[in-house]
Amino acid sequence: MSELTLERGLAAFRAEIDAPIAAFFSSCVHCGICAQSCPFYLETGDPKYTPVLKLEPLRRVWEAEFTLWGRIKRILGLEQKVTDAMLAEWEELLYDSCSMCGRCSMVCPVGNDLAYMIRKTREGMVQSGHAPEGLINASIRAITTGSPMGLQWKTLAVQIKHVESSSGLVVPVDKVGAEYLVLLSSMEVINFPEYLEAITRIFDHAGVTWTLSTQCFEATNAGIQIGNKDIAAQLVERVVAAAEALQVPKVISPECGHAFTAIRWEGPNLIGRRYPFRVFHIVEVLEELRASGRLKTEGKETDRLSMHDPCNLARKSGVIQPQRNLMDLVAENFVDLDEHGKYQWCCGAGGGVSSNERAEPLKMAAFKRKKAQIEKVEPERMVTMCATCRTQLEEGLETFNMDIPVVGLTEMIADHLVEKTPAKDDTRA
Amino acid sequence: MNSAMDFLLWTKGPMFDIAMVIFAVGLLARLVEIFMLGRATNYAEPRATEWLPGFRTVLTRSVPDPGTFQRAPFNVLVGWIWHIGFLVALLLFVPHVELVKGVLGISWPALPNPVVDVFTAVTLFSLVATLVHRLTHPVKRHISTVEDYLVWTVVFLVVLTGYLAYHRLVNPYPLALGMHILCAEIFLIILPFTKLTHIFTTFIARWYNGAAFGRKGVQS
Amino acid sequence: MATPIPEKTLGERLRDHGLSRRGFLKLCAATASMMALPASMVPRIAAALEQARRPSVIWLSFQECTGCTESLTRSHAPTLEDLILKMVSLDYHHTLQAAAGEAAEEARLQAMEANAGEYLVIVDGSIPGPDANPGFSTVAGQSNYDILMETVEHAAAVIAVGTCAAFGGLPQARPNPTGAMSVMDLVKDKPVINVSGCPPVPMVITGVLAHYLTFGRLPDLDAYGRPMAFFGQSIHDRCYRRPFYDKGLFAESFDDQGAKEGWCLYRLGCKGPTTYNACATMKWNGGTSWPIESGHPCLGCSEPSFWDGGGFYEPVSVPLTANAGTLLTAGAVGAVVGGGSAALAKHGVKKADAERQPVTIDELEQTQ
């Protein structure tokens, strides 16, 4: 039976190296500015968490095999080898202390896209058997059960029933030819069931045709977090198969950061072809409905609200203004955190950190950066649009005894919809 | 025998040729090594084109975002000062302009010597400051390698010997000038094989960064 | 012209030639200032010169153009010209001596014998070295090398006059067909003073002699064996156009406004920064002018290898041989080398990709 080995890991590093990576490693001058953008370094003060240092295994393979000088060094026996022991040591640096938030990629003076390289380095870590247990388990569950949390359709079916009875609307399932296929994240289904009801009501209100798929409801992708293309591609293929089966032209990624990155940006490359459909984050869809006047709202939230931009949505996907337009629609006392949008700070839980139980202390340490930002603005509630961020914010704020509830943007929009007078006439069968 | 002048002529003659050849071979090899790797086809539907955001990042990345400036003001300021000082001395000092003109046949206006002198002096001080920073800042100390100190030494010596030669503080002058030229040659020789390649590759790195983010609708 | 051991002192001889006491002291003061000695040294110089006996001088001319002698004879201080002819006993000099043929050579041998251990040898011109064809340059059928070695054997000191004798000069310029060498390359066991320049400033020659007569020893020398008093500072440091360099005002062609304004000639190839000589202070032709004052960059003629030290009109900072062609060729080679290296690397990437084993759930489970 085959097994994960150092050789496979090294081959994976090798296979991941491309022109940008060669340019990045050629350019690093060890200025250390990346550390000043990393919540894991800033909140622990431990220089081993300097982002560029986390890439040392990949850098060594690049130097030895992709540069003239490296080849000469190798012949002279001066090569710095990547060993199993080294990778074991680097596992914590690459997984526990990195949420792939990409903030370092935004500030590196020489332009290194460090998050891009972390993602690729993880490929070698998985192939060499150095991925954290929590992410391995999530990956195995995602492949075997369809959900990283082991959630089954039957659980979701119960949710659907609840939503239908409380909203008096029908949640469309396996409806061929709908405009949108709606995907969910397991964490949302379990922790934030209000999301499903919110979109049910919003889409009914706006007259959007949509559907869930029994074939695939899960949008998250443990393969992206652990950093393995094979697992990631299998999970993406499930989404593509479901969308193709239902012949939808558009797929909606839920309030989840990495799921959007996975389906929107990495997915087509994982399966090696273009999609026959387009992918949107729910916030983008809501913004489009708002812009075209299909969202009729009434009343506004009056308390002081601030917002956390999920890294994957804002910095890494360019969705920054839509959520602010939507906030303006329903909130009159909205104030941004100091550094937001593409310069926002990670909550600390992304990139698989939240699925990696042993990283809990680091995850909470990194949250302190967000906490400081929130303390400065002193909002009464926080709004966000990613279930992982939301869970982390809730846990973190509770840990530090800060009484600031966290709400999802979609629910907040749903709360302000103008009630239709003939409530049920519009519902489609 | 006639050591100092022979030394100067050696640095201006054969050694300069050797340094220039190693530099050109090494740099072109490095650039080809980078570009030939290419990038995999990206099948994801782009939000925007890559070219313009790429070039924009090439320019804008020279100036940090306000938050980074607040968190690393020393890095940013001293980094700026010595890079500018070094570039002014390198590109706008009359003898250097004449050198480029002599080798490549292209030239541009230069600055008066006293102005370049001030820039050089400031650069020397800033370089010392960067070394102190590297030795004392926990992150920089932790990530620094032998190469970092080697490159610092070479860069510092290039500027220092230039300053000494200009002020004729070492006698005989041909020795001072020869030392400066030799240091510059060592700089050229190690450039393609050390982090000094960033002088050229940073623009490629920034472009790739800007292009990747730009494609996704973010100006990085 | 060969003289027996001089009986009279220098002072006596000068007075015989009509030099007044006042004129003699003026000469001493001029010598002191020329050698950058304090005025307080004038009486000592006077006393020394007064008592000095004329030393015997043998002047050897090898691979040279007689420019050094021409310079000497046009010395702009006639009293000094007098001095050179009267304060020393010039016992052998091709151009200036009356004797010819065997009589001339006899004079040299006589002087050597009569003044063994005390005579001075002045050399102008370079010498084909011991490994070169001795026929390249001969005098009376004897090779330059043999004459030099024979003559210096019992000399007190050797003065190499002119850049050819001091550093090899023009004959030694690449490809050096005659295997030309300088005096100091060949004479290792005698003091050698280099009075370089093409030609040297005449007063420097007389100054060195005056110093020798005054103090009975050779002057302080720089790293190139040149008297510090005359070669201690560079042309650049004493140049009256230096302020323009410091301000960054340069002539860029021989007829531009800068040239007319008398700005610095650095960009026109002036070698003043690397050249050590007294031209800027002593000037030429009776203090009339000197090259830079007349609008021409310094050629650096008093420095070693000045013929091979880059084009006369190329600035000091321009490399000697490097050019865009070398750079382009090297770049092209680099591109090929890099191409090979990258092809290897790419092959590695493709192989790693082709042989890639997909990660399976089973494999992941094993690592737990």
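When the chains are written out, they are named A, B and C in that same order, and each has its own residue count from 1.
Going forward, contacts are C-beta pairs under 8 Å (C-beta built on N, C-alpha and C of every residue); 3 or more make two chains touch, one makes a residue touch a chain.
Model, not experiment: these values are computed from the prediction.
Centrality annotation: B (chain centre taken as mean Cα position, compared with the mean over all protein Cα atoms). In terms of the distance between Cα centroids, chain C is separated most widely from A. Chain geometry summary: the mean Cα position of chain A and that of chain C are 76 Å apart. In terms of their C-alpha centroids, the spacing between chain A and chain B amounts to 38 Å.
In chain C, the residues that touch at least two other chains are 337-338, 341-342, 345, 349. Taken residue by residue, chain A touches two or more other chains at 17, 66-68, whereas all remaining positions touch fewer.
For chain B, residues that reach two or more other chains under the stated contact definition are 26, 29-30, 33, 36-37. Within the complex, the chain A residues that touch chain C are 1-4, 8, 11-12, 14-15, 17, 65-68, 71, 126-127, 129, 131, 133, 136-137, 139-140, 143-144, 228, 230-231.
The part of chain A that touches chain B in the complex is made up of residues 17-24, 26-33, 35-37, 41-42, 45, 47-48, 50, 52-53, 66-69, 105-113, 116, 264-269, 272-275, 278-279, 314-320, 338-339, 342-343. Of all the residues in chain C, the ones that touch chain A in their complex are 337-338, 341-342, 345, 348-349, 352-353, 355-368. Contact residues of chain B toward chain A in the complex are 26, 29-30, 33-45, 47, 57-58, 61-62, 64-65, 67-68, 71-72, 75-76, 79, 137-145, 148, 192-193, 195, 197-198, 201-210, 212-213, 216-220.
Against chain C, the residues of chain B that register as touching in their complex are 1-6, 8-9, 12-14, 16-17, 20-33, 36-37, 94-96, 98-99, 101-105, 110-115, 168, 172-174, 177.
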